[in-house]
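Okay, so chain A shows up in both of these, paired with chain B first and chain C after.
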Partner chain A sequence: MKLPRFSRKTLCIPYAVFLVFFVVLPMLVIFFYAFTDENLHPSFGAFIKFFSDPTKLSTIVYSLVIALITTILCLLIAYPVAYILARSKMKKKFIILMLFVLPMWINFVLRVNAIRELFNLLASLKGMGWLASANYFKTVFGMVYDFLPFMILPLYTTMLKIDNSLYEASADLGASAATTFFRVTVPLSMPGIMSGVTMVFLPSMTNYVVSDMLGNAKVTIIGKFISDYFGNDWHMGSMIALVLLVVVFLSTWLSGGFKSEENVRGTSL
Partner chain B sequence: MNKHTLRNKCLKAFFIGLVLVILYLPILLLAIYSFDKTNMIGKFEGFSLTHYRALFTDSKVLGMIGNTFLLAFLAAVLSTVLGTVGAIGMFYCKKRMKAVIHGVSQIPVINAEIVTALALAVTFVLIGLKTSYFTLLIGHMVICTPFVVLSVMPKLKQMDNSLYEAALDLGASPFKAIMKVVLPQIIPGVISGFMLAVTLSLDDYIVTMYTRPAGFETISTYVYNATTKGNAHTAVTLSSFWALTTIIFVVIVLFVLISNLSGLKKRREDR
Partner chain C sequence: MAEHIIELQDVTKYYDDNLVIDHVSFYVNKGEFITFLGPSGCGKTTTLRMIAGFDLPTSGKILLNGEDISLLPPNRRPVNTVFQRYALFPHLNVFENIAFGLKCKRVQNTYENAEGKRYTKKERLSKKEIAEKVKKALALVDLEGFEKRSISTLSGGQQQRVAIARAIVNEPEILLLDEPLGALDLKMRKEMQLELKAMHKRLGITFIYVTHDQEEALTMSDTIVVMADGVVQQIGTPTGIYNEPANTFVADFIGESNIFNGTVVGDRLVRFCGKTFECVDDFEKNELVDVVVRPEDIHMCAPEEGKLRGKVISVVFKGIHYEITVQVGKFEVVIQSTARREEGEEIGMNIPAEEIHLMKPTYTTNVYDGVITKRNTVKFAEGEFDCDVTQLYPGSHIDEEDYLITATGEKIDLTDVEVRVEVGLNDIEISDDQEAGGTMGRIISIIYKGDHYRLIVRTEEEEEDFVLSTEDLWNENDLVSVIIPKEKIKLSLKHTEEKSI
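So, the complex of A and B:
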């Protein structure tokens, strides 16, 4: 008797099983805990408690604000960097780009530790004492520092693809430098902006390592919130995780929508 | 060159330089103080290699470094095998099946790490798995494998599919054809997936924190705890990690510079 024929499709079985057990199942478990009470009976208790508690809602809003500020600052710094590098005629501009990415090779937590030490040193200088308690400033600085490469790289790659003749054509047709920038560079680099924004916005809303280490435990973002609840109330922890999940998927879906529209426009050209 | 463009150039160089200086200031500070006799930042007491010596002699430091790198290596190898095999399988699946697996595979990529970590931890408790090295490995594989799939997939799409058919026509078994024909064509994607997995695992704090067995410390978990609730004792170990970071960073900078310069040279020779 012959063995069943080996099929290439069967190769996906181990990964599919892995995903079912360690990705799909955990999501279902979160969902289950979010809508049950201590006796594991179905309940909207956590849901109601969450949406009627002003402190929880304000934490979410202010996580969003911190993430928004971080993202805007990253964009304001990364856009000129990517633009200058992408349009530079320097032969070794790749090395300069690498300089922006290299710090990522240092352990993330150690990098934040280094920023903390730098701030401690600065705060001990004369007239810089205000830094010691500037928890929000330090948190946002740390986040911008850590997530900047995620913004620079996609921007640089999309700007590199912009055909130089488009700039020349725009100038020949009488557009000023500013008009060229806003009507040629910005629209054509939109896919890079979108992927950079998602790559910075989501972690800066949830990565509590930075806010914990630099904010002196005074800055509570939504990620920290979940981990605090994990210790005593799984149902509430799961509910917040579920809300975060919805926010994350909504924002990805929205930016994904932008991206596919961009692609459609790109192919129609 | 007229005055205007010169001023423009200077402004551009100044901006790039300023961002780079701010970017490297903390790292520089850390590197300088890794050579300090004491372990307090702020006052430099004298040049010493104490912290570098501790890297090779302090068993606690060595243990944590070993833990971190062994875990990253194991997680990356397992994720690369699982992800590569999975990506090849997915590539040949029917369209709908492919979309479903791909969609699920994206979840850990876009999800907040804390949500992934919490969900895994709760699930482990629910199915009666105590946190152990096994759960830690699973946790790291969950965050690494999707990135391996993402870096292998484009290579599969670029692959010349007729070569596989040709191998079958010439009498190779499907398994042999995959090993000898498909794999060599996607190997760049596999390697970059592996590298990505290593860096993701090395950097991870949140998932490690939720899935590690009691008493298991990586560099990340130790530094986090030492920074948020540190004492004089932890400061000594922290300084050793600064020393380690300095060494790793110098090696990487040298590697990048040398590979770039030799690349330039080669290109020139090719011409």
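So, the complex of A and C:
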């Protein structure tokens, strides 16, 4: 039997269909809803309402700040781990790496629930009562815990690729350990940093499961907002989603994420 | 007397449990071009890395200008390295790569304050100074105008030059070069060799160079340190090492060599290839020696005029000379000559006495060329011995039809396979009973070694020698049979030697 021959073009069709139906069309729908009113007439109503409402704007800022703190904490925790693991000559280092990544294999909601129960338990202890109302703290804690593997993995893989002779060359040229770190290690691990930051920053702005469960529903992040609005006001929901899209686009663009092919390759896991 | 810039004192290095440097001691004179030469895994790169500070010696000392630097970290040593694969920083351009070391540097500047007091301050180099130095370094390696280029756009040769510039711009006392030309093509390599040599002259600093290429070492160095198995085999000038190799390893590694087993048969007389030659090295009578003759030192003549006679079995044109292999009895002799000979031609050969180099043999076992027979025994030294052929392939066994079955189930017919046979000095017995052993020979030498006799038994036809230890007293010239227990015969497959065809 002769196998049917596919040209490269025909092989692309399923993907093109997928992209049209699940990316392009939904985007257009969001765009359409964002700039129409209840009667589906073109309108800037949602736009004006959004930017004149201080609660909405402050939620965006809150989300950004929470995401920023989460990302920075993840980076601070993950960088030394990735650095030490990538450079150690330990034979079983993959086991340690796996222990860090292992929580990803357990259901997300279950993990967050477990943290909540732990916090409840801690809060019932003497002198720990402040925990009960430390909603922002608990939210950030939960996010860091949940998103840490997404920071460690790309950092680890980029650092693994840095040739040991580069560290030696740096020392050979008179650089102290600190100089080597800031002038060789950090710049060369930049693709990993970028990729880790993207993978932590974006979900921590929109993933409202954590903030809902750990923040006593007192912490509203932008993702929660969108989901609430899509209950009754699709136009406002779409507008917020669109604003978020622009914010994300701008932050990626500013951090140079679109710069070159090479960076993209470096960021792949 | 020249100043010793670097001195290694009894340096030993273990990686985990592996001994890689075994009690090495030597010194390097200030300003010289010294090369560590040896096959891969001989410890030459490790030695260099210990001088650079990347590896620390397990024991022993490294002195720099008389000061112990054995444990000093690399960034505090006044040496710079050109790495094997350059190790240029991919995130920096050519200028930034070369300026890297300069930016780390602090210099002592002396100033005078208002009251006229002098004081010194450690300062960074100014941007202008750095730019000037980088420019000079780039000019030195012929890369003017390459400052802004990114490393990935450079060819291998250009990267090599940047790596050299990056090292010498720091004005190190010693420049370490770890096989820096290994990745370049032949023509480029030859060019860089000469350039490096010229650069060494111009800069006047000490170069320590690591290579496995003997020709490169001979071309460039003032001094060569030949290493093997973590031990220094010989230290000397290129000519000294080439003309007077200390042992057969050096002779074999540096240039081409004919190496024969010989016996000293009288005052400055040595016997090898079945003939007796005059020589200049003085050894004890009956001492076993390795005889080394360079291929270009064998002179060809008419068959009847030569001490050795043989038939040409191959002629290879090598550009400036022919490499002629001649079968002399069972020996192969390699000759290099500008004169051409035809294959199959009968020729005579003479070797001047001063070109025959005798060396104390380093071996502690007897080694023979053997052939496996149909019955899975091994034939060597005019005899046939029972042996265990399964040792040639680990995990193999013999089936009912005498075929060898390997661990993976492959069936191998070993008949006529050439093997290397090794027998320890203490694993050979001799007997009066001429039927008892695998082969026969006459005792040609008996040396009393304090508690035992060291005997040499030589077979009559092929003059193969068995060196053995025994406590019994025998007489010279006794005809004895040689007995080797089956399990004491060590076999290994002969890897087809690289012969240019």
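The rule is short, and it goes like this: the second predicted complex is superposed on the first by the 244 of 269 C-alpha atoms of A that agree within 3 Å, B and C clash if a C-alpha of one lies under 4 Å from a C-alpha of the other, contacts with A are read in each partner's own complex, and residues count from 1 in each chain.
Rule of thumb we're sticking to: a contact is a pair of C-beta atoms (placed from the backbone, for glycine too) under 8 Å apart; a residue touches a chain by one contact, two chains touch by 3 or more.
The model shown is predicted, which means the values in this text are computed figures rather than measured ones.
The superposition on chain A brings chain B alongside chain C with room for both. After overlaying the two complexes on the shared chain, residue contacts for A:111 are found with chain B alone; chain C is out of touch. The superposition places the C-alpha centres of chain B and chain C at an angle of 80 degrees about the C-alpha centre of chain A, rounded in steps of 10. Using the contact criterion defined above for the overlaid structures, shared-chain residue A:169 touches chain C, although it does not reach chain B. With both structures placed on the common chain, the touch criterion links A:179 to chain C but leaves chain B unconnected.
In the superposed model, A:187 makes contact with chain C only, not with chain B. Between chain B and chain C, B touches the greater number of residues of chain A. By the touch criterion stated above, A:223 is placed in contact with chain B alone, chain C being left untouched.
Smallest inter-chain Cα distance, chain B versus chain C, after superposition on the shared chain: 11 Å. On chain A, the surface touched by chain B in one complex and the surface touched by chain C in the other have no residue in common.
The part of chain B that touches chain A in the complex is made up of residues 12, 15-16, 19-20, 22-27, 29-30, 33, 41-42, 82-83, 85-93, 97, 101, 104-105, 107-108, 110-116, 118-123, 126, 138, 141-142, 145, 149, 173-175, 178, 199, 202-203, 205-206, 210, 219-220, 223-224, 227-228, 238, 241-242, 245, 248-249, 252-253, 256-257, 260, 264.
Those residues of chain A that touch chain C in the shared complex are 163, 165-166, 168-176, 179, 183-184, 187-188, 190. On chain C, the positions that touch chain A within their shared complex are 52-54, 73-76, 79-81, 83-85, 87-91, 100-101, 104-105, 166-167, 170. Listed in rising order, the residues of chain A touching chain B in the complex are 5-16, 18-19, 22-27, 29-30, 33, 77, 80-81, 84-85, 88, 91-92, 94-96, 98-100, 102-118, 120-121, 124, 145, 148, 198, 202-203, 205-209, 212-213, 217, 223, 226-227, 230, 234, 237-238, 241, 244-245, 248-249, 252.
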